[in-house]
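Going in written order, the chains are labelled A, B, C, D and E, and every chain counts its residues from 1.
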């Protein structure tokens, strides 16, 4: 008969040991906002629910000089409350404001949101735009993975069975201009139809640096490499912006579902990109 | 089948030790083991907010919180907060503003409003709407709920 | 106290449950198995309201440890009727107006049942003698005794 | 009058609800209680070849597994609490548990009762059902064609056809200066009350099956008894405070299942549906295809209206014929048109069955005709309010059925007041465009007159002057029972807090009919008023005797009898004591009868079939994002002639709630059915407005006091959500010049309407 | 609240460990193992459980011996009865041998409690309970019962009349258990009888008395008389015995013997009766019991 156990280790070493030992079906739980519906829907049938809630090592936000480190267990509301995030990663702050609803934000963690690897994961888009890197650990040791190569498919990541996300790191470059926009069918508790994050640096009227990320328009949250490529070196005229929209609409790979059609999502991706760029530049367009 | 997991927590000020299943939700635990009924089950997956409780002081949706993860924590439901001035004030305000119709969303709504007003002194109507946006109401159209909450916020100023 | 697991046959069905040594059969029946036929009347074996059959003989559930009935057979008043069909004794109690407040009735019927099983044709004295441990406060016993006697077989040769 | 009527009053039930003390259906438990679960069909259309329940029965803790063969009368006739037999297609067959054919996905196939909910759940998975999938039919127009897949046992899937004719519509259209044609579509909608269906049932010492359930219709006890084949008095239904109803708890939900399981096990049993079950298998609002043609002269006078209405009844009949009747009679809206031709048809499909939903068939055509009126106004370059001024019915007007309206009609006044209150338009930067829209509506309150509707109430004064009311009204959150307390307080001159009410019990409270059709204030309000007045009369004449004055100089206030123009006061308790002393009855039970009519000729509906209408209008301001098609509702004004607001707080509550309820209908709500399979199975796919989506609703209540309810009140519950949807789509047109003819007006629909292909 | 009000007979509050030996040896081992740890033997439980409910007793260990086969049932070995200590009163009652040959015991059992209780209660339990009013005690005493007391150390035998030391006190040592009762075979020309006065049927005795007689023609060859609930323990009345032995049965002799019984006892006054009444009634009971025994032994009704 199917059995399931629960464990809530207090140290990272203990957690990693359990994670290493448990050959099959260990499921890591943080805020548990996803695990319960999945269990009920029988999407998962783990033999062990491993709660990492009690691991102090995975908590806290540190901004030292040019790097911001966010512990994987940081809840979305903790992000919202953090002055460091507001200052050094306004884009992440903006995303947090639109994340699910106020109650879920008290439980959902940034690590969980990433590990869950939903194509619409709202925290992934700004972090991609921020060029974030994940600190991943296991009993075997530590490694770091750029977020842009972390997701491999809906609900799939490069995480090995015995690995945990320990923290998310990104450069705290407050000179760059950033913006995040989420488009959903409802003002709250809405799954993104499309979300866009951009980070830009303009030198002598030209785009010197561009990071573009999209959510809910591909099997995974995605970097808009082609859009970035297109933008770099350009002067952001209305025409360029128009073209950028087209590039984005072509680059995204959305599907049609009950919420919207593929073509509508492509269209919205372009629209949102344009708006995000304007927002980032504070409406200051040439 | 899942094996029992022993937890100790405080529920509405009472020390409780119990055995829960690994997949038991906090809501299920409160309703079936402790027979606390003011937290309701409206959707079972965090979409409606009728199951709102305070976990270590923060409003959460107890239908998507593992009972086991409440181990060592402090859980409060509306029935455990009847004497808190702010809660009392909100209840009174909800009643006099006609913000209560079928009443099924009301306990969760009041808990969320209370914990929000604890943090925020003079919120705008939009602030309040956003703060309550995790708690669905199908009867009132929300206006009287916002009125009632705002009235208490004003009193707090 | 160490919980132990016991297995009994209850009203014909095998049941296994974990009990603590100081759990009384009466409380296990009423609170855990929701068989509320057997009643608490005095708690010290003076009134017979808690009478059930253990291995076919009447016994007092209020003085019986649940652990001690491991492997035994228990029948409560709920186990008497077959579906919608009442036991003749139950019918007789109804017909003779032997039921008033009804609180003693389950225990009374269990005792009477075993009397008739032991002695299919008891005399009135034997009946009164046998049910003397089952107190009834309403009927004055007359109707109960006649109800039981109505189920007795004619003495052969009589 | 001591004047509690018309005063905003906290409802008597509000405090307990605000404290979380109310014991809703699922909050209630009994010792030895089992948990019931329903096994539901995985296919929308299939034949059941076999059901094997052995494994499930063998699971420890399982007490019963029931299938169709265990249901005494598995095929029975849908009744809706009406005590009159109205046969003629109004009472269709439904099955308790699927037998032979499965008609929709989620249809109940088997029942389980077990010691815990988890065991019951496990048992469901052990029941082996062998299905042979069948093609099924999912589009009502296709289903109506000859030779279409038969949903039920009879060849034809058409349940009902109605026709209403007046004058010669075709002829008139030929002479019209302008003709507007349009096809309008509205979707499946879920009620999405926050409390899923739930109840607890038990067998009592009299062999009566007691069912404590969240319902709008306790009088389903007759239907349950019919299924079990037991006398009506062997089933008792106790209605709990319902966590919302909106029509979705008008049909039987868990009652019959619980009764069967209790009958089988002899143990108390609880059943509470999951949200997924609720969305999958309780009734939905009818989708309609509505083809409208309106002809008018250049001056704006409408000369002809033709409408063809087709509704999707889903898998079983339920209330579809009644809903369609509302649609047909409401098809012309509150407009006087001399030449009318309405055809209406409702058809079975293999979709989830459809039935009552707040607005009950009046709301669908309202979207169509108010869209047409707006288009007509634009086409003729006449102000939308003006064209309504020209065409709205007034007292003395004749409706399409020939019914002469004999009560005050606050049209187009309500629209003008609403529009006026909207004030100056908000200005918003590009890409947003702002627009305003207005729509009027009418809807009946009180049930179809041929149902011969009645209600009863019982009022009793206690020796200390407090009052006890007993009335079988199910309270679903609209203040149904509270308003009765208020009426009694008014008549007997006592404080609200001194009135205690017992409601919703088929055994112990006088039957008051259903909490549906916006009828409780009207029906039970009048019954209670009648009872209270009789008691008042008795008390006053005794007082008159005691005071030596004529009773017409007396009034009851603050627990005393007061004499007109005098300072003398006689405490009510003294009068009560005197009556008691003489053995006078200190209670009164009264029945109120609605006006009756006979079932009309369905091929040519004539005359009056509703007691009265409530008229109202919505004016809204929206902003449309021209790049995404997203619509934001900035402001809503709701203006209604409420007749008389018994409790303005409750009345506003209806207007505000109704407006947002159907703002969702207009913009975001749709149960997406994909060949009978629900693609919006939970509240994360089926979106209803959150507080962040809902604007403040401004309420304007006109009180002309010409309603049929107590003190001239009219019903509001359902009318309140009428006309908000067309008001919003009309506003979208005003903003961006596209007319949305199919709800909901999602961003994508609006954008496509604006840009064509994307 | 005083202790009385606090007792809750709906529940069994004391917590204890429950031991269920399969054999006598195992039982004795448990008793020995926990001899200093407040261990009690559970048989029928009809007295023990009540005491535990009312708080009079709260054992740490309960050894349930009720189901030990070798301790229950009655064997007849060349005339004598070997009665297992955990044989239920009901089982003894159903035994023809007892009904026919041991009238005193039969009548004692008949007078006891109700069928349901007799199905539970054991004869050993009734004795070990050490109640002065125990009905089986006088009956078994006059029948010359010898008890077997067992422990891990071995067995010892003791006359039942030496078994009782005081209310609730018996000759049992820590670690010891009453395992068997030995009752002599029925002699020719002998008879016995038991009588008791209670408040209602099946009540605890105010006074109970048992008589055993052996007859030699119209003379009393031998006899034993025992009385219950008139002293801290059931009593054998030797004075009466020495008076009766050898005397020729007559009315006078009976009434004289009755008077001697009355003189011999010094009962107390309690809730159930007064000392005076007990004395008065014991005389009458004694006469009736002696006459009944005499008649059963084959003697003429004295005149």
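Keep in mind that, in the parts below, contacts are C-beta pairs under 8 Å (C-beta built on N, C-alpha and C of every residue); 3 or more make two chains touch, one makes a residue touch a chain.
Everything quoted here is computed from the prediction, not taken from an experiment.
Q: Would you mind checking the shortest number of contact hops between chain C and chain D?
A: The fewest steps needed to get from chain C to chain D is 1.
Q: Which contact partners do chain C and chain E have in common?
A: The common neighbours do not exist; no chain touches both.
Q: Using mean Cα positions as chain centres, tell me which chain lies farthest from chain D.
A: The chain lying farthest from chain D is E.
Q: Suppose every chain is reduced to the average of its Cα atoms; which one is closest to the average of all protein Cα atoms?
A: Given all protein C-alpha atoms shown, the central chain works out to be B.
Q: Have a look and report which chain pair racks up the highest count of C-beta pairs in contact.
A: That would be the chain pair B-D.
Q: Which chain has its C-alpha centroid at the greatest distance from the C-alpha centroid of chain C?
A: Looking at centroid distances, A is the chain farthest away.
Q: Could you please state the distance in Å, as a whole number, between where the Cα atoms of chain B are centred and where those of chain C are centred?
A: About 49 Å separates the centre of chain B from that of chain C.
Q: What whole-number Å value describes the gap between the mean CA coordinates of chain A and chain D?
A: 44
Q: Please tell me the distance, in whole Å, between the geometric centres of chain A and chain E computed from their C-alpha atoms.
A: Result: the chain centres lie 85 Å from each other.
Q: Distance from the CA centroid of chain A to that of chain B, rounded to the nearest Å?
A: Going by mean C-alpha positions, chain A sits 28 Å from chain B.
Q: Among the residues of chain A, which ones contact at least 2 other chains?
A: Touching at least two other chains: 101, 187-189.
Q: Two or more other chains in contact with one residue: find those residues in chain C.
A: none
Q: Two or more other chains touching the same residue: where does that happen in chain E?
A: none
Q: Mind giving me all the chain pairs that touch?
A: A-B, A-D, B-D, C-D, C-E
Q: Quick one: in the complex, what on chain D touches chain A?
A: 627-628, 630, 668, 672, 679-680, 684-685, 687, 689-693, 746-748, 751-752, 757-758
Q: So in the complex, the part of chain C that touches chain D is made up of which residues?
A: 31, 34, 36
Q: For the complex, which residues does chain C have touching chain E?
A: Going through chain C, the ones touching chain E are 1-2, 4, 21-24, 27, 40, 42-45, 48, 51, 54, 57-60, 62-65, 67-68, 70, 111, 114-115, 129-130, 132-134.
Q: Under the stated contact criterion, what part of chain A meets chain D in this complex?
A: Residue positions touching the partner: 101, 183, 185-191, 258-261, 263-264, 266-268, 271.
Q: Applying the document's contact rule, which stretches of chain D touch chain B when the two form their complex?
A: Going through chain D, the ones touching chain B are 8, 10-11, 13-24, 26-27, 29, 191-196, 241-246, 272, 274-276, 476-479, 649-650, 652-653, 656-661, 682-684, 688-692, 694, 696-697.
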